[in-house]
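Structures follow.
Okay, so chain A shows up in both of these, paired with chain B first and chain C after.
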Partner chain A sequence: MAGTTDQEAFRTQLIDTGVLLDTGVRGVFGQGAALLEIAAAVDALVTRKAADERALRVSFPPVMPRRVLEDNGYLGSCPQLAATVFSFEGDEDAATDQAAVAAGHGDWSGHQRATDVVMVPAACHPVYPAVAALGPVPDGGQTVDAGAAWVFRREPSNDPARMQAFHQREVVRIGTPDDVAAWRDGWRDRAAGMLAGLGLDTAVDEANDPFFGRAGRLLARSQRAQKLKFEITVPIASPEPTAVASFNAHGDHFATAFGLKHADGTVAHTACLGFGLERISLALLRAHGFDREAWPEPVRADLWP
Partner chain B sequence: MNDLIRTVLRDHGRLPVPMETLADSDDLYRAGMASHASVNVMLGLEDAFDVEFPDRMLTRGVFASVDAIAAALTELGLGAPA
Partner chain C sequence: MAGTTDQEAFRTQLIDTGVLLDTGVRGVFGQGAALLEIAAAVDALVTRKAADERALRVSFPPVMPRRVLEDNGYLGSCPQLAATVFSFEGDEDAATDQAAVAAGHGDWSGHQRATDVVMVPAACHPVYPAVAALGPVPDGGQTVDAGAAWVFRREPSNDPARMQAFHQREVVRIGTPDDVAAWRDGWRDRAAGMLAGLGLDTAVDEANDPFFGRAGRLLARSQRAQKLKFEITVPIASPEPTAVASFNAHGDHFATAFGLKHADGTVAHTACLGFGLERISLALLRAHGFDREAWPEPVRADLWP
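The block that comes next holds the complex of A and B.
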């Protein structure tokens, strides 16, 4: 899929200025100092905004147990985005053959078997089983801050704002239906104010996940009908504004899958929010230019207090 | 027709209550059917009735009750509802 002229031009500019380092694979980039520093500042800004939540802070690697993906329904709803870690399995002859085929850039996948880990497609996915294992949800609910985590979605694109591997800053709320709904709505409004304060041209929209196939259309329409997902969008390099943050109510989907319960045994509800740190950083560069010293003073003060 | 619909719902709806306790007009989502389960119900109905729901019918409301499902199947030419 070819990118638009604007996407190609922005991508070239990002690589020429060292913001992104090209790897030759679409949507997989190294990150230069400017991107690292802006993303870290956005991450820290979210931390300051979330300070009153007294969240349980956790961090997970970019891989998670395969079993989590099998239990959470993702292979049914978004199989096109999921990625499994495969690894070599075989004897010395097989290893020799694999190396020889690989050296010629042939197809050496026949020597690989699925392992017990998969790539994390959303930073909140490892949170639910891990928190369920800690015991019942505390009275009054629980906020879990999963920090800035690498995630991977198999989604090659020429749009530099649509990466396959990127950082999501995710926060999860676990509680009663009313609790998580109020939390999700409160954060949606708080985040919209935060991003508008950074000089970004934000809009809040009802949204749906990119569910797969005909079954996915039913899920997507169902998600919209119930207003389960909101996104904050900002113009970056696509004809349509790009989502830079999302706010999602899951009902009892994850809680039922992983046994998240209140002390009285009732199943909890969950919601999550995610900020796309690279996308917000690229949106800031797009809005204010590549010379950070020249960014509006209120924006600089918010990011680097 | 409604008996077969109920069989599909029993097999795929993952409802927390027995199907026998629900009337044909009862809201299945209110009774606890999850969105993800409704997808399995949709696919199960297509198998059981040998039909394919057109895109315009892939909405939450079509699978909201036994009556709603029967109306959709009838619209697809599968006989009058019982």
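The block that comes next holds the complex of A and C.
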């Protein structure tokens, strides 16, 4: 996806100031100290907001079992964003050929074979099967804090706010339909206040996932009609706003796929929220400037209490 | 790689106590609060030890440009550990077929094509080209702190201390040959003291990378003869020790590959160190038990000052 002039100018500014380090691949950046410090502060702010939920704290790697992707329906809805991990299984002659072709920047992909792991496209995906394996959902429901996790979406873009690899600060709720609905809506409203309090020009919108193809248009309409997804949007690299957080109701989709049940055997419902840590950090730099000492005092107090 | 009885018993204990969450794929685990808290404390201890170096602080995603892997020689030395990222580029019919085959757990890898990114196999790999792009090496050399980064090595094992996805706490030094040699040796000795101070049964050994095949045996001998690699080893899941940290001299290998030069145009030398955060954390649990309150007071004071 080509970036607009605004986006490319902001990208250049971010690289020139060391906030991002260019790798030569669109949407794959190193991160400098300023971005790391702002993102850590936003992460910690979310942790403070979530403290009263006494969540189960977990963290997952950037890869997950291929089987999870096969079972959770993502390849049906967003195959264009999914990515898989391949590796080499050949002998010494094959290794020699692979290395020689690679050194000449030719196509050595024929030496690579699919493994049993894939990239994590959403930080909640590995949570459901892992928590299901722990046993029935506790009475009163369960909050699972998946922390700040690396996710990968195959979406090369010149917009610095649309990275292929980025951190989602993710929290999952598992419980009855009423419980997870109230949790999702409560967090949506609390998060909107939290982000507005950081001086960001927020809007809360019904939204849909970027479903693939013609069938995807039907899925998107259905998701909006059922109000399954809300996003908080903020202008970042250009005037049109970008989603920086999402609040999602899944019904019993993930619970059925992975066997998340209450003690009485009924299938649970799930919801999740995700904050895009890099997007929020870049939005703060865009809104308040690159000199953090000069940010409004209430914003600094929220981030660095 | 099959695990020994010791290793499988420790793995079971780690899962039963919630330190690790099983995903069903060997060497790919979720991490519970205990592991996250211990690893964060080890990470912070390294940060305190490195504070006087005023390092350039950077962080890279778990993926890096394929070109970096093609240029750095890793496919010649350790092709069995490298992993690449593939994605879908097809149309709606192909997507429908891919999703259907995947839902039945068949082989849908034929729908996946190589992308321009690969998994990061060592946390220092993305550092060299990114720092080279910033300009000449500063007078007096430069330390780059790459933080705690996810790396991936295709090495499925039942030994819980040998994960496919894990955190390397990595620091890189760039400078003259004498500078980087002194830095590498100084950190090796300081780290050995640091880990012994945590009550771990450490040994410092000359080592070699797990080079592939017959040619790899020559590379390994040469690496040992030149004392390019030292490891600190500790018993973790079984009595035979496992490397928990490594200290590596690269000569001008990476600097030549990526154009790291001094202001006068001469090619720099590089060295790096890496701490395996999960391995050190598991070694601490093995050495001192699962009740952190009962760990020796000096160890607790080092980790949680």
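We take it that the second predicted complex is superposed on the first by the 302 of 305 C-alpha atoms of A that agree within 3 Å, B and C clash if a C-alpha of one lies under 4 Å from a C-alpha of the other, contacts with A are read in each partner's own complex, and residues count from 1 in each chain.
Keep this in mind: a residue touches a chain if its C-beta (ideal position, glycine included) is under 8 Å from a C-beta of that chain, and two chains touch if they have at least 3 such contacts.
Remember, predicted model here, so these are calculated numbers, not experimental data.
Novice: Mind working out whether A:A215 is in touch with chain B, chain C, both or neither, as first, second, both or neither?
Specialist: Both: A:A215 reaches chain B and chain C.
Novice: Answer with first, second, both or neither: which of chain B and chain C does A:A225 touch in the superposed model?
Specialist: A:A225 sits against chain B, while chain C stays out of touch.
Novice: For A:G251, select first, second, both or neither according to whether it touches chain B, chain C, the two together, or no partner.
Specialist: first
Novice: Tell me which partner A:G76 touches in the superposition: chain B (first), chain C (second), both or neither.
Specialist: Both chain B and chain C are touched by A:G76.
Novice: First (chain B), second (chain C), both or neither: which does A:F275 touch?
Specialist: Neither partner.
Novice: State whether chain B or chain C is in contact with more residues of chain A in the superposed arrangement.
Specialist: Comparing chain B with chain C, the partner touching more chain A residues is C.
Novice: Touching chain B and also chain C: which chain A residues?
Specialist: In the superposed arrangement, which is not itself an observed complex, chain A uses residues 76, 214-215 for both chain B and chain C.
Novice: Where on chain C does chain A make contact in their complex?
Specialist: Touching chain A from chain C are residues 21-25, 28-33, 36, 56-65, 67-71, 75-76, 79-80, 82-88, 90-92, 95, 98-99, 102-103, 105, 107-109, 112-117, 119, 126, 129-130, 133-134, 147, 150, 152, 154, 164-166, 212-215.
Novice: Enumerate the contact residues on chain A facing chain B in the complex.
Specialist: These residues of chain A touch chain B: 73, 76-77, 214-215, 217-219, 221-223, 225-226, 251-253, 256.
Novice: Can you list the chain B residues touching chain A in their complex?
Specialist: Where chain B meets chain A, its residues are 34-36, 38-39, 42-43, 53, 55, 58-61, 63.
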